[in-house]
Structure formats: structure tokens, C-alpha cells
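In the two assemblies presented below, chain A is common to both, partnered first by chain B and then by chain C.
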Partner chain A sequence: MRLGRNFGWLIVIVVAFLIPLLLHDSQYFLSVFVMCLINVLLTSSLRSTASTGQVSLGIMAFMGIGAFTSALLMMKLSFPIWAALPLAGLAAMAVAAVIGFPFVRVTGLYFAMVTLFFCEVIRLILTQWRTMTGGSTGIVNIPSVGTISVLGLNINFSHILPYSYFALFVTVVSLLILYRIDRSHLGTHFASIGQDESVAESIGINVIWFKVFSFCIGCFFAGVAGSLYAHFLTVLYPDVFSIFPSIYILIYMVAGGRKSFIGPILGAIILTVIPELFLSLKTYQPFIYVAFLYIVLYSMPGGLVTLPGIIGARFATMRQARLRND
Partner chain B sequence: MIETRELTKYFGGLCAINNLNLKVNPGEILGLIGPNGTGKTTAFNLLTGFIRPTSGRILFEGRDITDKSAHARVKLGLARTFQLVRSFPDFTIKRNMVAASFLHPKIGFWEAIFYTPQYRRKEKQIAEETGTILQFLGLDSLENEIVRNLPHGYQIMVGIAIALATKPKLLLLDEPLAGLSPAEVSRALEIIRELRRRGTTIMLIEHNMAAVMNVCDRLVVLNFGTEIANGSPDDVSHNKDVIQAYLGVRKNAA
Partner chain C sequence: MLLQGFYNGLSAGSIYVMIALGLALVFSIMRILQFAHGEIYMLGAYVAYYAYAQAGLNFFAALIVSGIALAAVGVFLEKYMFRRLRANVEPALLAAIGLSLILQNAAVIAFSNYTKYIQVPAWLSGVVMLGGAGIPSLRLIIAIIGLVLVIALVLIIRLTKVGRAMVAISQDSDAAALHGINVNRISSLSMAIGCAMAAIAGGLMGALLGLSPYMGTFALTKAIAVIILGGIGSIPGAILGGFIIGLLDNLLPLYTNTTIAAIAGFSVIIIILLIRPRGLLGRE
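Presenting the complex of A and B:
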């Protein structure tokens, strides 16, 4: 069983590594692929925080902190990417740790509200701090990854095909870490807090600390996603990191199914790819999202991941009914 | 074991606990009884750190724990269950136990991420320890069931199981017998006695008087937040104040 599951994951990862090769002709589809990875990473980060019952509406703030940190570290201090990327995560995490202690003391809707306002505060800071962030015009000419020697080969990761592999590698490593957290006692502690904070406290879990911890983990990977974004587009505008995309990430998570690990990943992939396939309908994107979300939540309250189970149960009842009729 | 000194708690102008001097001796089963709304659960919440007293001190094994948080008290050996004995309904019994037992062996973050042999060994050790608890409570064959799907009697046992997984010296049970069938009640009382025999001190809030009289060594009776009686079940049941406040006057007893 365990071997089977690990084998399944391995196949998924191998297939993911083949996708850029299939798409290598189209610059456009490769960029969709990279955006997809960034959204997957953001959605999984959001889930890590949400597992303790805290729904953050400000994930874009932490992505923004990561993106600008990474870009400025490489531009002003000429840091290499392998230092800038984790530092982007750490910067977002440090901010999360500072605001976390007051923030996690409010729960539910109130947590959503304070994170929402925090997102706006960060966007305004990024807009106003002109000397560092370039204000509303943003920063341009951010260096991309550059040339890295892999297994003796010097590969220029600034080109889009190598970059998509770089992004895939970072995403897979991040997801593996998030997966291990989810499967270990840490994930169990997070989810137990999500179910009943008093009971969690009564069995000796330091609820406040673990809530801040899960918030920090989520924000770390949001910062990493920001770094991937910055060096992919090589331009950054503060307005990107606003409330609206934060809500989209939340929709990906809920539509995919926040209870399972794979759910938010699926939600992010499907809801990133579908609008790109129907590009002529881009104006109607919010309507399509709402309709999609409504249908998913109405017919499968546990999210898209529960679809195979629902279909399976339907077939089982049908078969039983047929057997009874015979 | 645990001791309170002039413990007082006000909710606004309402005095929930008034000048309570409670003492639980090691190895006893102490029943805390009294009419509804009299502050029994408030007393439990104060003892376990879920709420802070307005004044007074709480001592556990001679140490002042008044300012310690609830989770820190658990580590000292002070565990509790809640009314309707709650656990984590979306988890399997096994995962409930994992949630409750990973605080005792110190485990590092990176150990968990890299799934080191050391981590696996600890996982195995915890599975063995919790297995014994589940066996003791008759839950071992159900460990992969989601708690939500179990009958009420079993859910109560899961609540007790996660409290036991924290390895308590003193266990506070808040109405553990509510909603149990007579057969389940006698089974639960057996478990409480067996726990005491194994060295756990027990404090019990319960309205099932027959059970309380049967299992407790000593009773403390509260009325409007004040202690009105303290003694053996026999003494207490003949105490005039208690009869008036709680047990009710029997017509033919006069």
C-alpha cells in the first residue's frame, strides 16, 4: 500500500517533468505551465495554513514580499539565485512570524479580515516605497536565474524551457516538504487544531504556537513562489499582489478540496489551465469561476478530489440495484 | 496532588467560584458534585488552565501552576476531558492517539521532514504505547475507524484514550457517564477504578448519583460556587445542606 502510493507519486512527478518537453515549441504554453506551478505552490501553501482552521485572504502579500525581496537581493546585492530564493521565503516567513502572534489570536472570519487588510497594507507599502520598489511602475530588468552548472553541463536557466524545469524542481521539492509536514505528527497537530482548539489544548498542544508555525510555513512557500514569479517575468508591479488574486488562490483550494493534500494541487491546475484554453472568454473569467465553484461545492462539498469516490459510490449502488432486479 | 488556595472566579459581577480551598490527595477518586450551573466545570477550567482565576492560587504537586498555560499543565501530568467527552471526530482513532502522544518524546522538525530512521522508531514506539491504551479501553479493534462514525459510548472512550495518551498523573473527567447505557456505565466505572489502581488520581464531575456514590472515595459538594460539604459519600449523602441544595428532600425521610 505504502509502496503503491509512493510509486503513484513518482509517476506523477515523472509525467510533470515530461510536460515541458511536449510543450517546448510553444512559448505561450510553457509560460502557462510555469504560472500553473506558481499557483500550485501558492495554493498548497494556503492549505498548510488553512489546515489549522485559519483561512488567510492575504497570501499575495507574502508572495509579494518574497518576489520583491528576491528581485532586490539579486539586483542590488547581486546575490545568486540559490541564495535569493530561500531568502525570499525566509523574508515572507519572518513577516508572518511577527504579525502571526497577534493575528492568530483572532479566529475564523476575523482572521480572514485582518489578513485581507494586511494584504492591502503590503500592496500600499510596495507602491509607496519608491526608492526600493519603483512605486506603481514597479521594477524592470530583474535578472533571471542565469547559468547554472548541472551535472557538469552549463545550462542557461534564463531561457523559458530550462526555466520551466527550474520552477518544476523548486515546486516539487517544496511540495515534498509540505507533504512530509502533512503526513507527520506536525500535520496531525495542525489538523487537530482545525477541528477543536480546546481539545487540542487539552492534550498538550501549544495551540497559539502551532497556529503561528503553520502560518509561517504557508508564508515561506508563498515567498518562494514569489521569487519564482519575479525571475520568470523579470518585471514586478505592486498591484499584482492585491486582494483579488488572493481570493482566486482560495477558490483553487476550496474547489480542489482542502481536506486532502492533492486537492488544492488539482484545483490550482484545473482552474489555471481552463481559462487559458478559453482565452476569448477572458472577460467572463469571474463568472466562469463562480459558476464552476458553485457546481463543485453543490455537488461535491469535499471538493474535486472527492469526485472519483462519488462516482464510485454511484456505480456501486447502480450495480447493486441491477443485481437486486435480476 | 492538586490544591487550590482561596480560588475565586468572577464572570463580570457573577461569582462563579467563591473562595474555594480544594485538595485532591494522590491516589484517590474525588467526586465534584452540585446542582447545575454551580461552578463545577468552571472549577475544572480553572484547575486545567483554560480560564484564569480572579484571585487565589493553584498548586500541583507543591508547585504553583496558577500562571501556567493549559498545554503546559498537560506536560506536568494534568489531563482532562470535556463535557460530552470530545475528541477529534474527523480523525481515525489511531490519528487521535498520534495527535495526543507526540508531545512526550522530543522530536525535531527536520527528523519529521526527512522521515529519518529515528523518527520511524519513535512512531513505532508511540504506536505500541497507544496500542496498550486502546486495548485497555477496548478500542484496539477499531483503531482505523473514523471517530465520527462510532457509537456514542465508543466516542467517549476515545476522548478518555487521548487524555490517557498524555500520561496524566491527575485526570479530570467532566461528566463522562452522560448518555451511557447502564452496561456501559458499569464498564466505565471499572475502567476508572482500574486507572486508579495503576496510579492515576482521578477527579470526577458527574450527575449519576448512584455511580458517584459507588466509585468515589470522597465527595466535594458545590452550591453557587461555594463548597458546602466535603467527606465520604456516606457522610455527604446524610448532610442536611447537601440534601436541601442538591439531593432533594425525601418525603418519607423526615
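Presenting the complex of A and C:
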């Protein structure tokens, strides 16, 4: 591990842990911070699924499954958070595994349509299953994470400042796991499938299994994000997990840059934070999203993460032109 | 009761077919899933509303105005947005998704969130008794208009030179171009026809159920379900699929509630996508 590059990321993580302290007197911005983390996690999960070339329009379905699972485990079976959270992810992953095998056999546009409909189906099932989910009015009073006692200090996680640290911790750990997967052998298989399925198959990669695997990994973390969301808001209702929020996450991913690991994270951060910084623009939020989407689609196909590269290249050509003129 | 559901299903199917045919036409010629088609339908409803309820035009004239207006919008979109993304599936889908968000939110801002209602002319608000069950006159007119438009479209495709050019492009656009077919012009025309049909469907539906900026999402999901059931690239399939789904949507809720009926409907579509992606009558 080269110390240089990783040291930079360590600084980023330390700064991230300082942000809640900076924002500690604003409930509002702390909530923005938590939602931003949830979006980052969701977008990275979507990217994991998309790394094998499958663009899912229905990630909210899995977030919903995770959210309700976590909430119900804590409410009805009194599970503690450190069990409920991973189980939420596992529940989402289980569903992904079951539907994954038939789903990954269809490609491209068909996969998008199938996941679109699946998202609707899950939302309708959640609405219909009144005994478990409270129907369209949902459930309230979801317990937050509880309290822990550290060095004689009682930290109550239902307050937003400790919760933001909890969310940050979960997100950082999840991103680390996703990153290690991305950089591993497994990640290379995913990338090769994403690049060209038939070539990948010809060198012996079992495309179906790996596509299901990437789908499951993505959905696991979507479920975890759902759990974070449930215990943050303490209320849940099925209509939140519908098609258009899924599309927003897709836009975050595309705007940030699909190919790299950081791209989606960047996209999620920028597109979550910007509408909040300019509160008067709140009604125009979708327009801001679409503006970024179109800028990326039409002039920065690699995503916003390639912007430094483009600017750097532009400077380099300017320097070269100047040197040649002298 | 069953007959009532059947009649409602026919008129619903009529609407679904009108919307789906537009989507299918655009898809088979430009190879783009026009995600904003639902919003075109929604805008058609609003244009018809303003033409009829505010400007006082005759109801049918309002529908025609709406159709022409949205056809023009469609031509504009084709020329400046979709032409350069033709056959590039993913960017086109994303661009269409973006367009759908723009149009939907512009409508929310311009028209406000609340459902608006259209007061149809008196002769349309009655009920016609047909064989033991009553069908609201409006629904009957919807079914008739739908039938007329669909037949007109099928005749255009079968009998005119332009129609045959459309078929040619849907089979192989490069070969069609080599034969001297102006692919750009036909794409414009198909977009215009598709948007006009969606707009008229929107106007009719708006009169029936009221208008809301979000009505487009429903239309889009129904249209996609119809073309999947009927088969992507097949016009008869879209017609068949539209009526099947229209009937199911109105007959199933008689036995279970609407939510379960919707779940069943979508699940069937998902299964079809997985097992027989080319649908009932599709070719690809």
C-alpha cells in the first residue's frame, strides 16, 4: 500500500468525521449530512450493480425492503441495531438473489424495464401488506439506535449529532468494503463483464453468477442504507420507495461518473448538497438534477469526476501552444 | 357487474392502445424508449383543458388543437434532442428520463399540484344503456375515438408509401436509407403521430378522471406494459396488449382490490419480460 495516496484518503475521512462537529448547531444541515450519506451509500450500491453493465431503475425497492426489515426487527422482535442493520442488508440481498437469476438473463433496456416494474411491485406489496407495514400510512415510532455508555458519558443516538456519526461510521465501513471488492479479483471480473460480456465469457468467467453477485452486493448495501434511513426518520411509508427516487439515484451515479469508484460518491454529494445550499431553489431541484445530467451526457460522458482531468488537459494544451509560439 | 367491467375495460383499453401505439411507433423507428411519453400525454390533457375550459373551444376541437400542439412539440424534440442519440440506447434513455423530469416538474410549477377537472359538454355526460349495463357516454366516445385513430394508423402504415417507409425503417434503418427513404423526415413524422395520439388520449382521460401533473407516470408504465405484453416492435401486438391490459385492469378489481390487481398485473409483465421478451406478437 503506497502511503502517499492512501494518506490523502485518510485525511478525507478525518475531515468527514469533523463535519458533524462543524454543523452541530444546525439540526437542518445535520439532517442534510445524514441524507447525503444515505444517498452516497445508495449511489455506490447502484454503481456496484451497474459495474457489470446492468443499470437498475429500481434500487428503492431494495432500500424499502431493508428499511422495513430493520424497523420491524427492532420494533417487533427487539433486535439491537448491530443485528438489525446487517439483517436488513441480508433481507434485501436475499430478495436480490432470488430474482437475480432470472433478471440478469435479460440485458440492457429490458433489465431497466424489469427493475422498473419490480420497484413498483415491491412498493405495491409494501402498501398491501398492512399487517406488517401499516399499509400506505406506514409505521411510526421506529426506535432509533439506542443509547450507549462510553467513558461514563451517555450517548443517545436518537439525537441527531450522535446519529450522524453512526451513519458516517456505517457509510465509511460500507464504502471501504465496496472499494476493496472493486479493487479485488472479483471487481476485475465485474469490470470485464461490464465492458464486454461475450469476451468475458470466452475467457471462462461465469457471467450469470457474477452478474447475480454484483446485483446482490449492490442490493445488500441498498438494504443497509434503508436501515439507516428508517432509524433516522423513525417513520416509514411505502410511497417513499418508488420509481422516481430510484431515477434520482441513477442520475447521481451518471452525473458523478459511472466508471470510477469515487464518481458516484461525488455525484451523490454534489447533487444532494447543492439544492440544500440554495434553499430558495428547492422547487427547482429536479431541474438542477437534469441540468447536471445533460451537461454530463452531452459534454462530459465520463461524469463530473473527469472534470479535473478535462481542465488539466485543457491547461496542458494551452501550455504547449504557448511554448510552441515562443 | 361483469358487463360493466367489460365496458370500462374497453374504454380503458382504448386509451392504453392510443398511448402505447405512440410509444411503440417511436421505439420501432427511432429505437429510443421515449420515457417522456407519459408527460406528452399529460401536457396533451392540459392543452385540451385550457383550449376547452378556458378558451371555450368545442370539446373535440380542443382535442385536435392539443394533438397538433403536442405533435409540434414532438417534432421539435426529435430534431433537437433525439436525432443525435438515435440507436444509442443508454444516453437516449437518460436524456428521455431527464426530459420527463423537466416536463413533470414544469407542470407542477405551472399548473399546481391539485387535480383539475373538466366539465364535459352536456351531451357527453349521460349514460348509454347497452345490453343490460350502462356505459357512460364519455367512455363510449373514448372507445370510438380510440378505435377510429387506431384503424387510421393501421391503414396509414399498411397502405401509404410513408407507412411502408416506416415499416422499412423499423426493420433496418440503414437499408431503408440506402433505398432513398428520408429517415429523418419519417422519424419526425412518427414522433408527431405518436405525440398527437398521446395528447388526444390525455385530453380524453383528463375529461374522464381529471388532470394532474403526475398523470404521466401512470400512462408511461401502462404503455410500457402494453408494448411488452404485445411485443416490442409490433403494432397489432400493442393493440392486442392494450385491450388485454385494459380489460384486466377493470375486471380483476371486481374480485380483489385494486392494489392486488396492480401487483398481479405488474408481476405478469415481469414474468413475460423474463420468459418471452418478445411478447405475444413481437418479432425481435
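In this text, the second predicted complex is superposed on the first by the 319 of 326 C-alpha atoms of A that agree within 3 Å, B and C clash if a C-alpha of one lies under 4 Å from a C-alpha of the other, contacts with A are read in each partner's own complex, and residues count from 1 in each chain.
Following the convention adopted for this analysis, a residue touches a chain if its C-beta (ideal position, glycine included) is under 8 Å from a C-beta of that chain, and two chains touch if they have at least 3 such contacts.
It should be emphasised that the depicted structure is a prediction, and the values quoted were computed from it without experimental measurement.
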Chain B versus chain C as contact partner of A:232, first or second or both or neither: neither
Partner chain(s) touched by A:241 [first = chain B, second = chain C, both, neither]: neither
Touched partner set for A:185, first chain B, second chain C, both or neither: first
Touching partner for A:221 - first (chain B), second (chain C), both, neither: neither
Partner chain(s) touched by A:207 [first = chain B, second = chain C, both, neither]: first
Chain B versus chain C as contact partner of A:62, first or second or both or neither: neither
Touched partner set for A:102, first chain B, second chain C, both or neither: second
Which partner, chain B or chain C, touches more chain A residues: C
Partner chain(s) touched by A:163 [first = chain B, second = chain C, both, neither]: neither
Intersection of chain A interface sets (partners chain B, chain C): none
Residue ranges of chain B touching chain A (in the complex, touch as defined): 48, 50, 69-72, 74-75, 79-82, 86-91, 95, 98-100, 102-103, 107, 109, 112-115, 119, 162-163, 165-166
Interfacial residue positions of chain C with respect to chain A in the complex: 33, 89-91, 93-95, 97-99, 101-102, 104-105, 109, 217, 221, 224-225, 228, 257, 259-260, 262-263, 266-267, 269-270, 273-274, 277
Residues of chain A defined as touching chain B within the complex: 177, 180-181, 184-186, 188-189, 191-192, 195-196, 198-207
Touch list for chain A against partner chain C, complex: 55, 102-103, 105-106, 108-110, 112-114, 116-118, 120-121, 124-125, 127-128, 243-244, 247, 250-251, 254, 283-284, 286-287, 289-290, 293-294, 297
